[in-house]
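Report on the following structure.
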Amino acid sequence: MENGDSNEGASAFHMPEWMIQFADQKQEFNKRPTKIGRRSLSRSISQSSTDSYSSAASYTDSSDDETSPRDKQQKNSKGNSDFCVKNIKQAEFGRREIEIAEQEMPALMALRKRAQGEKPLAGAKIVGCTHITAQTAVLMETLGALGAQCRWAACNIYSTLNEVAAALAESGFPVFAWKGESEDDFWWCIDRCVNVEGWQPNMILDDGGDLTHWIYKKYPNMFKKIKGIVEESVTGVHRLYQLSKAGKLCVPAMNVNDSVTKQKFDNLYCCRESILDGLKRTTDMMFGGKQVVVCGYGEVGKGCCAALKAMGSIVYVTEIDPICALQACMDGFRLVKLNEVIRQVDIVITCTGNKNVVTREHLDRMKNSCIVCNMGHSNTEIDVASLRTPELTWERVRSQVDHVIWPDGKRIVLLAEGRLLNLSCSTVPTFVLSITATTQALALIELYNAPEGRYKQDVYLLPKKMDEYVASLHLPTFDAHLTELTDEQAKYLGLNKNGPFKPNYYRY
Amino acid sequence: MENGDSNEGASAFHMPEWMIQFADQKQEFNKRPTKIGRRSLSRSISQSSTDSYSSAASYTDSSDDETSPRDKQQKNSKGNSDFCVKNIKQAEFGRREIEIAEQEMPALMALRKRAQGEKPLAGAKIVGCTHITAQTAVLMETLGALGAQCRWAACNIYSTLNEVAAALAESGFPVFAWKGESEDDFWWCIDRCVNVEGWQPNMILDDGGDLTHWIYKKYPNMFKKIKGIVEESVTGVHRLYQLSKAGKLCVPAMNVNDSVTKQKFDNLYCCRESILDGLKRTTDMMFGGKQVVVCGYGEVGKGCCAALKAMGSIVYVTEIDPICALQACMDGFRLVKLNEVIRQVDIVITCTGNKNVVTREHLDRMKNSCIVCNMGHSNTEIDVASLRTPELTWERVRSQVDHVIWPDGKRIVLLAEGRLLNLSCSTVPTFVLSITATTQALALIELYNAPEGRYKQDVYLLPKKMDEYVASLHLPTFDAHLTELTDEQAKYLGLNKNGPFKPNYYRY
Amino acid sequence: MENGDSNEGASAFHMPEWMIQFADQKQEFNKRPTKIGRRSLSRSISQSSTDSYSSAASYTDSSDDETSPRDKQQKNSKGNSDFCVKNIKQAEFGRREIEIAEQEMPALMALRKRAQGEKPLAGAKIVGCTHITAQTAVLMETLGALGAQCRWAACNIYSTLNEVAAALAESGFPVFAWKGESEDDFWWCIDRCVNVEGWQPNMILDDGGDLTHWIYKKYPNMFKKIKGIVEESVTGVHRLYQLSKAGKLCVPAMNVNDSVTKQKFDNLYCCRESILDGLKRTTDMMFGGKQVVVCGYGEVGKGCCAALKAMGSIVYVTEIDPICALQACMDGFRLVKLNEVIRQVDIVITCTGNKNVVTREHLDRMKNSCIVCNMGHSNTEIDVASLRTPELTWERVRSQVDHVIWPDGKRIVLLAEGRLLNLSCSTVPTFVLSITATTQALALIELYNAPEGRYKQDVYLLPKKMDEYVASLHLPTFDAHLTELTDEQAKYLGLNKNGPFKPNYYRY
Amino acid sequence: MENGDSNEGASAFHMPEWMIQFADQKQEFNKRPTKIGRRSLSRSISQSSTDSYSSAASYTDSSDDETSPRDKQQKNSKGNSDFCVKNIKQAEFGRREIEIAEQEMPALMALRKRAQGEKPLAGAKIVGCTHITAQTAVLMETLGALGAQCRWAACNIYSTLNEVAAALAESGFPVFAWKGESEDDFWWCIDRCVNVEGWQPNMILDDGGDLTHWIYKKYPNMFKKIKGIVEESVTGVHRLYQLSKAGKLCVPAMNVNDSVTKQKFDNLYCCRESILDGLKRTTDMMFGGKQVVVCGYGEVGKGCCAALKAMGSIVYVTEIDPICALQACMDGFRLVKLNEVIRQVDIVITCTGNKNVVTREHLDRMKNSCIVCNMGHSNTEIDVASLRTPELTWERVRSQVDHVIWPDGKRIVLLAEGRLLNLSCSTVPTFVLSITATTQALALIELYNAPEGRYKQDVYLLPKKMDEYVASLHLPTFDAHLTELTDEQAKYLGLNKNGPFKPNYYRY
């Protein structure tokens, strides 16, 4: 769910400081939902679990019912009570959202059909910890259709769509999640997924690593039966590499974060759209003619720049890497240092994965009404803390929009308090979620069915052929028709007609 | 010099058939300069040596003087006669071309300045075999400025700019090359570079592998003193990997073809411009509103599609790889099979690296005046041979432009007889050549100065830091200002402030 | 506020003295009332008054207070009660919105400064009937700063921002407007503006023609003192031309709808942004790879097509006019009949100003999940009525989003029930409103200060010089620096150095 | 043939009977002669006649034959000798070029078919003076097919394609033109067209006004039989307006220069392509990353900016008109004064129609290697004369490319000596020529067939319906399918189903 070019991936790569700190530092539970910061494996609550996550659909979130779900006795229409959600009666609303999502996730629906006969997950007992959304529900129900039994908790205390959780519970999925969990609720829900009589998971699907951490800490013996972990987040993947490095990873793990489909599509194409959406929803600004500086020209920066240029903005780019810098030049962007343009720009967007890219000094020099936001990694890029000084006045003008006012009346428009704009202020297209969910499903199938010895106690990337398969499942959405190699052509190229079609280092 | 996504690179990758055939097949010397085909190491003349290569500048190519340069006695103004060029008197014209090129190759000029004091190539004796152009001259004179002695032959019997060769000879470089060499001349020139009293090369700079091949065949003992080979072409690199695989590579070799700067800039950005230039110069067509199908969506295809879309063409794409196919979709191109659109398109462009992508059947179904050309690899993509049948009439309407006429009067406009359009019908921007030449210079410096044991008898890719350095040398051209990491940021990211900034698998 | 291509002619005035100077030329009534739906002056409620109009800001709209504002006794802090708004206590919230808008309407703020000394509207008594938004408030307060007295009602029963109305009332403006007026309220508010003891308007600013209509009907004698009408809407302008044609227009009127700044900027540039915003906010769809058909390639269609193409959609265009059709071709769009693509497209957008462009037959043939929306004129373009049949089920899935479900389960996603997407589902950028408001202010100044006889009882267009002046006032927003002609150049071109720079028929 | 924004007004005719029908409306002489340099009718040689004009095809221009065509005795294969061309034996080559052009001028070919039966030009005796190219030949042979007799001279002493002239002569057209005429030859050829026993023209087709001027001067009585003049150039049109103003225009004239199809397509779309082509062919530069300033944002400037931005250049714009300036801003270009960027840009392009836009002072401040060229009107925009000073050295480095060298070694790259880049250094796409030629043919038909009194001794614009007809004839090239209005829709819009579809002032 995080943007930014991660420095993780191949196990050969050294870990940067901000990752290494994870294991060493303790962080207080932060009541204000932020999306980041350093985190300790030993701290009490997951950082990622406090991400907020916007959704267009939440019909029934009346806050009238203040009873904790943990204190309620609820049953679904079949009398089953092995779940804990906000209100089982909202199931119908949730089912509608799931049905809408199904229409936009044809890859998973195709997977249901293709793998229906053989039930490749027959016998699989999957425990999952992810955002609970309509899209996740489509994934869960697909896993079910493939033969798996699932138990699920939320990876984030705010992101659960209660209606969807209710719909899943109504359908018989043991779901333990609601919007606005406390820290204690969070771990209680996770525990309810794994600590259950007569059922022991043999697969883990995690997003952030909290579930994996919990099992490591509380039920290490469970790993004896677990065939593998599938992890989707930058943070969770990092934790796995740490475990591996430390020799403590006791099952194979699949890093689905670094698959090409996720990296290129999630970062480049998704950000190309969400930067516009995020800025519009928060500020209603017109893009035409605006001067914008985009810090960082990785995939995220490339997407932001392409979109803004296309809409008539004048875009400047900052970079530290000369290769990306040269790409920016060839793509038609002036490459500058932030200081050179900070006085003149209307918008500052960070996409670096770095920290303190926008400093108080920069903020002091921006012109009145300058908009500042972050599309990169976590909330470190803009030094928001430096704005919490007595001489500056903060004024919340809209949800996710603060005016920070200087003594001379100058206002800076800070979006999402420096957290990720696209997660906070726009929606994530179902299409992108579909790619990720399909990848997760395939990774589970692969790990579950892999013959003894194919995977060791290490972190693996998805085989390229699977990336290609995920892509191919999404082509029908676009009525796209793939060409097949003739036998003669395949021989000429030295390729198998079914792929993989590129060497592993191919850059796309 | 070839476009197309090569399948070479990491030594781990298997070789496709069309490469493997190199070593096993014998090919007749082809009098008609083509740009490709299978080639045998044992055949008498280099395939690549017959590439033709367009140049805007050739002032003095009067064919009045038919005497072979080998039969002439020429001396430069200092009385030196250790060279063989068409006409030493053309030196002044060539010098002007070199001076113009210098203005557009600031990276090499910067290299001259930066490395001037220490002469990193002092003692280097470099034998080179490349196209002899103004840009190559800037490279050679840069190597000289860095301390090297050079001897040079042409890698292609047609591509030498006689004036430039004369200018180099006048400046004291032993150059053996002219436009229109015979096969025998070709090898004679190479031999004159290496077989010289009292001088033995210790470095090889090759483009196509012919020079390397010659030394292997004739002077294998020379390798004892050779510190390394720098090779720039797809074909030459392939030969090196074959040697390595066969255990016959006896010195380290540097593959500069697969560096990111070359791949991304040469293929994507260069083709983005040369597709337009090549089509305009040959056909004067208007791009607006034309329907175009581009076969292949690798870097070359991406460049062609972007340019044509930008100029108002309606572009369809064909692909075999679902990931590239999905990229095409997200970039706004209809993904089709060639058959679906072949009747309606105005232009067919191949960029696949594959063979028989456009078959006679396709050609039969094209509409009148359809333009067919190749931007991919070699001349295999369009089945031109299938058009050499009695019922079709060929009419050469302009240089590089044939009308192939069907019995019913339908005409197909075939460009460059199916060879590479951008090499045949447009010019290669100096900027791209500058990137390649700088990379070659750095590779030579690296191999020459590497401590014992750093490189073994294998094929190496340029270290990422060098790629980054090449890129950084080209930024001043764009008045581009790179941002430097603070110490704190470098620590946070776990990076050295001077790079490399990305893991090796980074896709850019 | 309506999109669509409208009527404009040519005329050439001078600027007012305090600005430059005006000529007195007359604009003939334009006989061709194209693109305007016919409507009756005698109908009971304004059609435009029922358009709803989205706004990002409405903090305090708790529906707790159900008392009609007409029944409340409210006073502002100075004891004044000559207004009728929802809740005067919301003034502070509204003031903040006004202040934000001021920052984005630099042209009006500049006008305040430039004309401050001479008060060009001193003595003006302006009655206005427009949307009551923060931007309107900036206009009203500008008129006040220029010397005018104003009384204001809303031109739409839904669009009033109550906080803004409160802020205006608090500042002493007699404002009669609230969100959710009844039809009776609507006319009551208008009447309260004009029917007041000891105050008689001498200028009218209207949007839709309802205010003008009311005065014609109820207080025709008032026109004796009225110096002119400024009208901004297509509909209102049409009414004025009708009056003029019928010989019933008894004062000069200024048509500000057809100025080039409004037409080109409002339609082309604004729609370029609002089509994306409207689609995202309603459907969260991803644009990349989607197939879209845009009906109509006027300014609105051009804007929609440009934006969607830029975001990676594949766009088809339908047109009736061969010139616009050829433009679409040259811009890279396939020109089709709707029938040819209706089965395959993901989105249908109408921008024609025509009626029944999308018929039930088309709707029947669309694929599942196809999105249908209107960016053109009013709600005639899609035959929504044809969907109100018993076999189809309507399901409201979100605000402004209906699923229309066919018996076989196929769903069509209908946005805003076929009304204007950008007014209903996105916000209008302040920048565009600024252009319109500035034009209105200048038109009022011109009419108010025009010497006897310059304007007769007819409908006039803004002089080109004023269009240029409005544009020039907006350039500082972009830090744009205009070049001035030298005397020699002006003479060469036969132009005045201060403009106008183009003949009236110039197309831009 | 000149770019630049010109004069157009409004009028509304009907189509000719064989097509549709015409109205008889009159167009007032437009008093504002903007953007046209003043030139004297009495000067000795046409300015436009010295423009050179590049062509891709000239196979047989060996300069071996130095005999003046006037001194040769030549006959075509039928024994006819009423022509004067370089070499009648080149006819076959020319015929091939004409056949190629026919394939790209479907509108004229369609006209031949549609009007074949009735021969709308039967009895017409047309004397023409235009560029003699393959496209002109298609026009002439179309006029012949429609019943006209033609005699033709060249409007430019350099632009004649000798092979094409030969082919026309071989086909029986009395053509008097060759490449490289002297001034005396130029007028002699024109005279041979009109001063002929037993044949008197009744229609004039002129490009630049020289033919018209010659008849005025030498054979004023000829106008008694002449039904009208069709003029295509800015300059020629200006001359006609001058004659009209002076009361000396004695026949109706049709201004085809200012039709919307010519203005929008020739200027915007054609320049969008030719700016790239002209720069590439002269300099081989890479566009990506280059900084460019474009002076003027009319149609020509808009085309140049769009193309260069699309190819990755960073584009700045200068403007004098605030409306065009605001368009530049909204389109994403920084609006600057030339001085602000002159030191940093790589390319300067003028598109203003003005004079001395680039002065010596600017040239002095440009950086080394800056490219300077003109896409606007004639050769006034760059003050080239100011560079003819002793301290500057001129070096012709390629055809149409001069290096101007400052004492400190700085070089400016001046293209086409400041004349129009696209005419000098690129080719004009046949498609654009097709639009113009079709318009000319229709204008001739209209004037020739107009009933007495429809046209007076004045200058007329093409009726919009004819513009629409020209456009519609070009749609099949793009396989574009126009939508027809239903009766109900036409009624709703108040339009005739066959057009015209827009009011005269519509901006497109």
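Labels for the chains are A, B, C and D, by order of writing; each one numbers its residues from 1.
Rule of thumb we're sticking to: a residue touches a chain if its C-beta (ideal position, glycine included) is under 8 Å from a C-beta of that chain, and two chains touch if they have at least 3 such contacts.
Per UniProt, the chains are A, B, C, D = Adenosylhomocysteinase like 2.
In this text, all values refer to a predicted model and were calculated from it rather than measured experimentally.
How would the subunit B (Adenosylhomocysteinase like 2)/subunit C (Adenosylhomocysteinase like 2) interface be labelled, same or different, where same requires over half of its residue numbers to be shared?
Comparing the two copies, subunit B (Adenosylhomocysteinase like 2) and subunit C (Adenosylhomocysteinase like 2) contact each other through largely the same residue numbers, since over half are shared.
With chain centres defined as mean CA positions, report which chain is farthest from subunit A (Adenosylhomocysteinase like 2).
Taking each chain's C-alpha mean as its centre, the farthest from subunit A (Adenosylhomocysteinase like 2) is D.
Could you please state the distance in Å, as a whole number, between where the Cα atoms of subunit B (Adenosylhomocysteinase like 2) are centred and where those of subunit C (Adenosylhomocysteinase like 2) are centred?
The computed centroid separation for subunit B (Adenosylhomocysteinase like 2) versus subunit C (Adenosylhomocysteinase like 2) comes out at 58 Å.
Take the average of all CA coordinates in subunit A (Adenosylhomocysteinase like 2), do the same for subunit C (Adenosylhomocysteinase like 2), and state the distance between these two points in whole angstrom.
Computed value for the inter-centroid distance: 41 Å.
I need the residues of subunit C (Adenosylhomocysteinase like 2) touching at least two other chains; which ones are they?
Only 269, 288-289, 291, 311-312, 329-330, 334, 478, 480 qualify.
Applying the document's contact rule, which stretches of subunit D (Adenosylhomocysteinase like 2) touch subunit B (Adenosylhomocysteinase like 2) when the two form their complex?
Of all residues in subunit D (Adenosylhomocysteinase like 2), those touching subunit B (Adenosylhomocysteinase like 2) are 56-57, 96, 100, 103-104, 269-270, 272-273, 276-277, 280-281, 284-291, 307, 310-312, 344, 368-369, 397-398, 411, 426-432, 477-480.
How about subunit D (Adenosylhomocysteinase like 2): which of its residues touch subunit A (Adenosylhomocysteinase like 2) in the complex?
Against subunit A (Adenosylhomocysteinase like 2), subunit D (Adenosylhomocysteinase like 2) makes touches at 288-289, 291, 309, 311-314, 329-334.
Spell out the residues on subunit D (Adenosylhomocysteinase like 2) that touch subunit C (Adenosylhomocysteinase like 2) in their complex, using ranges where they run on.
5, 7-10, 30, 32-35, 37, 260-261, 263-265, 269, 299, 318-330, 334-338, 340, 353-357, 380, 467-469, 471-472, 474-475, 478, 480-486, 488-489, 492-495, 499, 501-508
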